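Structures are listed in the sections that come next.
In the two assemblies presented below, subunit A is common to both, partnered first by subunit B and then by subunit C.
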Partner chain A sequence: MVIKIIQIIVYPILTFIIGIFFIGLSRKMMARIQRRYGPPITQPLIDLIRFFYQKGISHGSIFNFGVILSLAGSIVVLLFIPFGRMSPLSSSGGLLVILYIMLFAPLGIALSGGEGANPNISIGISRKLILSLGYEVPFLFIILAIMTYYKTTSITEIVKIQQEAGWALFTIPLFLPGIAYLLILPAIIGMRPFDIASAPQEISSGPMVEYSGKYLALVHIEHAFTLFIGIALFINLFLGGATNIGFFFLKMIVLFVIVLIVNAVFPRYRVEQAIKYLWKWPTLIAFVGLILTKIPIF
Partner chain B sequence: MAKWLKSPDKMARKYSLGAVYFCTGCGVIEIPPVITSRWDAERFGVVAAPSPRHANLFMITGYVAVKTLKAIIRTYEQMPEPKYTVAFGSCPVNGGMYWDSYNTIKHIDKYIPIDGWIAGCMPRPEAIFIAVTKLWMMIDKDAANGYIRYREYYDYYRRNQKKVLGKLAWPPLYPLKKNIEVEGKESKGKEYKEKELLSVRK
Partner chain C sequence: MSSAFLLKLLLIIAFGGAFLTYVLGKISSTIRDFFAVLVSCILVIIVVYLYGKPVKETFYLGVLGLPLVLRLNMLSWFFALPITSVGALSIIFSLRYIRKREKTDFYYMTMILVNAGMLGIVLSGDLVSFYIFWEIMSWSAFLLISYNRGPALAAGMKYIIMSVVGSAAMLIGIISIYTNYGTVIISDISTHLAAASSGYILFLLILYFVAFGVKNAVWPFHTWLPSAHSEAPSPFSAVLSGILIKMGTYGFLLIMYTIVGLKVFLDLSWGLFSFHYILCWFGAITVVIPTFTALLQNDAKRLLAWHSIGQIGYIIIGIALGTSLGIAGGIFHFLNHATFKALLFLSVGAVEYRTGGVRDLNSLGGLIKRMPITFTGALVGSLGIIGVPLTNGFVSKWLIYKALISQGNPFLAFAALIGTWGTLLSFYKFLHNMFLGQLPEKYKNIEKAPFSMQFPIIIYSLVIIVFGILPGIPLKVINSIDTYFGFESLHINIWGIASETGALNTINIFAAVLVAGVIVWLISRLGVKSKPVPQEDTYAAGSYIPEEKYHYTVDFYNPLYRMIGPYLRDVIDDFYRILAKGVQRVCDRIKRVYAGDVGYYVIYIVLFLAVIILIQVGFKPW
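And then the complex of A and B:
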């Protein structure tokens, strides 16, 4: 019991450090790919400290509440995802809970951004919700395929089975949902081919345009958590999790670097192109995978 | 490290400068080489912020027309508070080659506070980095206090802005000491001389 409480306190702090490290790594790697020297790897942390010491401007109580709601939603989702052996809130229905609460983060930002009354915010929010509608459909198929194949809804169970019987990405029917997850991963964590919601050059970073000071810092922390959730979920569901934290972190870095290279090379989709892509290829692949799991040969 | 523990706010402000995208004149032609791979400004923590709400550095690049002044003032007032301004090029200093133009603002210093100047037409990108290091020194010594001056002498700046732009469409950012908003009473407030402002700067 005491160990669980300590884990609940330590887990978000550890996740925050890893998410901030990933953002710093992405800025440094993007700079090196563009043949620049790049900022120091602690630059996102320095930015966060600067935001906390700047004087923020609030637009009303709903504005503050929405930011806190999205941050709290992210933290609750985190606690259901096993990280090595650490899994404070994992229970038998973990995947279903994640499926529901993962929508809290975009909805909270939408709620608070509506108070800002900036035209860029409403464009950004509509893009963000359309994008989440786009990736939720293949995501649901992927989760259903995993649940029907392993006949459980607990992530810790899935990890345990994979460590005995081999990774899900290399088993016959489940590699198709794995590929589909890889295709929608940039949309979940909001990176380049799908960063239409916070396009800084088009709509001045979209929903974040009116945030300043500590509110902006909270939104940045929420982004770090989202980054962690998208990557850690893939490792738990398809790459067999890990028995200790270090090995899990290594797997996360490898996956993140692959996503980063895609981010550095590809330009941004338009909204209707993104939806067309997301509802075509990942949905098709995940659906075929779902049907194959029901065939008793595999 | 000891400096970080002693005054984290000052150090974070120094090494994380978000500059506003807003471009006024021809000076902005020097900004793309500064922020891209030739002279990479991101290694000093200077990034282009997508919105004035995220920024704390405002570079006024090039000559300022009367219409642009309106946008500059509104952008400056939207930035959250520890904020620094740098005038880039000789046009904001004294008009430069537009010294006798009818619609160019000659002394931008009268309308918004300026922390540092980069003279030249055009200044090279290296001059921007020298300015950044000078700004770091000024932040260390609390000498980059333009936003404090703006709060303190808001009457002076607001009156000068009204003299050029006519009736202002936006409400005052800070409470005014004298009631200069009513028409016809503008000249009764206390006049701040240039020398007084200079003494505050030291």
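And then the complex of A and C:
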């Protein structure tokens, strides 16, 4: 019990550090790929502290509440996802619960942004929801394939089986959903070519446009958590999790750098292009994977 | 008082109350309002009192030499409670909603009559009284749907025609059972049917699939629902969507698990195809197509109506799957859908009442500032129907997904899961276009909804959240229905489900969200306090902000509409229209023969006799 409470406290703090580090790393790496010098890696943290001391604006109670709900939702999702050996709440619900608690974060931002009463926000949210419907189709096939193959909905069970029998990414029918997940990973964490929801040059960062001061800080932290969740889920589902935090972090970094390289060279899709892409190859690959898991020879 | 007597009293109060309301309305409208609320509340109290007091069949009337009986078991109690409560809350909501309208006496009478009919359905222990109450319900629902006249009349007509087809199917089923076995009492029929051939059982199941499918709006019998729900007065839409269409669900449960019986029903298969899987796929189609059609709607009530069909799909998948988890999920989803859909219709009703009948999603906006309680109600209802954790909708959907996955049905599970995402998209649009964004100038001075409208909204919101955090309360009753059908018992705790393949603990989730929320709130308190600004003060990159309309609502998901819109034409509705035209043409032909002139008929009779005589003379058959 005491260990669990310590884990519940330590886990979000570690996530915060890793997430913020990732954001700093991404700015630095992007700059280097584009032959600029780039900001120091601690810049996002400095910005966060500054935001807390700046006076911002507020559009009403749901505007404030939504941001808090969104960050709280992200923290709760974390507690269900194994991180090394830490998974403090995973006995209270499996993948299906994770799938639905993951709704809190976008829903909170959407409600909060709605009261912001700025059409840029509404356009951004509409794009974000369309995009999420887009990647949710392959994503559902992927997790259904995993759950059908391992015959469990518990994410700790899935990790345990992989640590005994080998990574899902290198298992015969499951490598297809794994590839599909890699193809949609940028969409899940909102990086190029799928940054259509924020799209700074078109709609002034979309949902973020009205935030300032401490709410902007909270939204940034939420973004860091989303990065962590999207990558950690892939590691747990396909790369066999990890027995300790160090290995887990190593796997995260490798994956994140791959996503960053894609992010650095690809331009942004339009909404229709994104949906067409997501509903074509990733969906097809994941669907074939799901059918193969139903065939008993594997 | 014995429970059997109370059962009869319940129906007497319901029917007597309906007619007395009408009479009292002629004296004073205040007395009538008070009496209508009183009657509906007494019904709730009696039903609550009857909890856990099962009643064996008690004779109350004989018709055509058939004994008609009433009975009460866990299943009918579980349906009777929502029927009476949703009815009572809708009548309380109606007090203000309907006050300035015409024919209010008639309105209240039919409202209570619908309730009485539905109570009769779930309490009747034989198929003849089931049929009689079914018709009372169907026809009084028709009167209420067409209450608003105009387009409502056409909607009501569409509803009643389809409903009559369903009733005809049911009547054929009842007659067939009676001629074969000589009884209409449900418990007797089930013992007889145990020895029946599978062909005959299939025949019965298909007949009842039509009968209950029409009322339940299962694809392909769903076409009456969208216009009927949106044109009816909002408090009745709540009853219609929350409870009335679920009488079809009750019927399905009755025919599948009580009359035909669990074993026979699940064994009904031919090679790869088994009847209950086919039914599941009907459910899956009912989830996916209507949910995404709902995305395209611009009328708030029409959007809700299409979602009613979608949610019915979940219930059908759950109860047709035939496992204890699935049935529990299906029945629980019935209860949950009754709460959140009634809540959503009432919220729209409150908005409609204050804005003067506006329910077009493109012309509202920003109402959260004027109607905060109504917004909260709509938000909780939306979270419930999406199935966000900590609402009751999550638990029932979780049960259904879980049942599908543990049965090894990922494709059905996919249909159910993707339906949830369609629901999320359309309910964000619903909330955003009505309550969020900028408040138009003409609604600047709207008042908040009156208390008689807020009261039902608050009650429903509380129920949704309490059952979401403590799902064990209703699940305990549902579990006893499960065991009554002959399934194994589930491991129910107050906080959810404990099972070998993965548990659900809603209290832990609730505690985690609460603690995380408080911590984040405390952290946000550390920062400098934000300055409240009016809605005009938004960032527009230096451009001019128009005053009247600055709200992104029209074609909210335009890129998506363009992609999926062409695939979502309601072909079934088109088919029915063509069918209706064809029938009309045939009837016109027939009408030419039945000209209404006596001279023609005399000629027909003479011709007929001539043919008879000719046959007799020519072939001597008699």
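One rule holds for everything that comes next: the second predicted complex is superposed on the first by the 296 of 298 C-alpha atoms of A that agree within 3 Å, B and C clash if a C-alpha of one lies under 4 Å from a C-alpha of the other, contacts with A are read in each partner's own complex, and residues count from 1 in each chain.
Throughout what follows, a residue touches a chain if its C-beta (ideal position, glycine included) is under 8 Å from a C-beta of that chain, and two chains touch if they have at least 3 such contacts.
The shown structure was predicted, so the numbers you read here are calculated from the model rather than taken from an experiment.
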Practice task
Quick one: name whichever of subunit B and subunit C touches more residues of subunit A.
Solution key: C
Problem - subunit B versus subunit C as contact partner of A:I142, first or second or both or neither - result: neither
Exercise for the section: Would you check which partner chain A:V209 touches, where first means subunit B only, second means subunit C only, and both and neither mean what they say? Expected result: both
Problem - Partner chain(s) touched by A:R27 [first = subunit B, second = subunit C, both, neither] - result: first
Handout entry: First (subunit B), second (subunit C), both or neither touched by A:Y37
Key = first
Practice task
Determine, under the contact definition given at the top, whether A:I46 touches first (subunit B), second (subunit C), both, or neither.
Solution key: first
Exercise for the section: Name the contact category of A:A72: first (subunit B only), second (subunit C only), both, or neither. Expected result: second
Handout entry: Which of subunit B and subunit C A:P200 touches, first, second, both or neither
Key = first
Practice task
Considering only the touch criterion stated at the top, classify A:I57 as touching first (subunit B), second (subunit C), both, or neither.
Solution key: both
Problem - Footprint overlap on subunit A, comparing subunit B with subunit C - result: 53-57, 204, 209-210, 212-213
Fill in the blank from the handout: subunit A partner, complex, touching residues on subunit B are 8-9, 11-13, 15-16, 18, 36-37, 40, 42-43, 45, 47, 50-51, 53-54, 56, 80-82
Practice task
Note which residues of subunit A are touching subunit B in the complex, please.
Solution key: 27, 31, 34-40, 43, 46-47, 49-50, 53-57, 200-201, 204-205, 208-213, 216
Handout entry: Interface residues, subunit C side, partner subunit A - complex
Key = 366, 368-369, 379, 383, 386-389, 394, 398, 401-402, 405, 408, 410-411, 413-414, 417-418, 421-422, 424-425, 428, 431-432, 435-438, 501-505, 508-509, 512-513, 516-517, 519-521, 523-524, 526-533, 535, 537-541, 550-553, 556-560, 562-563
Practice task
Spell out the residues on subunit A that touch subunit C in their complex, using ranges where they run on.
Solution key: 51-60, 62, 64, 67-69, 71-73, 75-76, 79, 89, 91-94, 96-97, 99-101, 103-104, 107, 110-111, 114-120, 122-123, 125-127, 129-130, 132-133, 136-137, 140-141, 144-145, 147-148, 151-154, 157, 204, 209-210, 212-215, 217-218, 270-272, 275-276, 290, 293-294
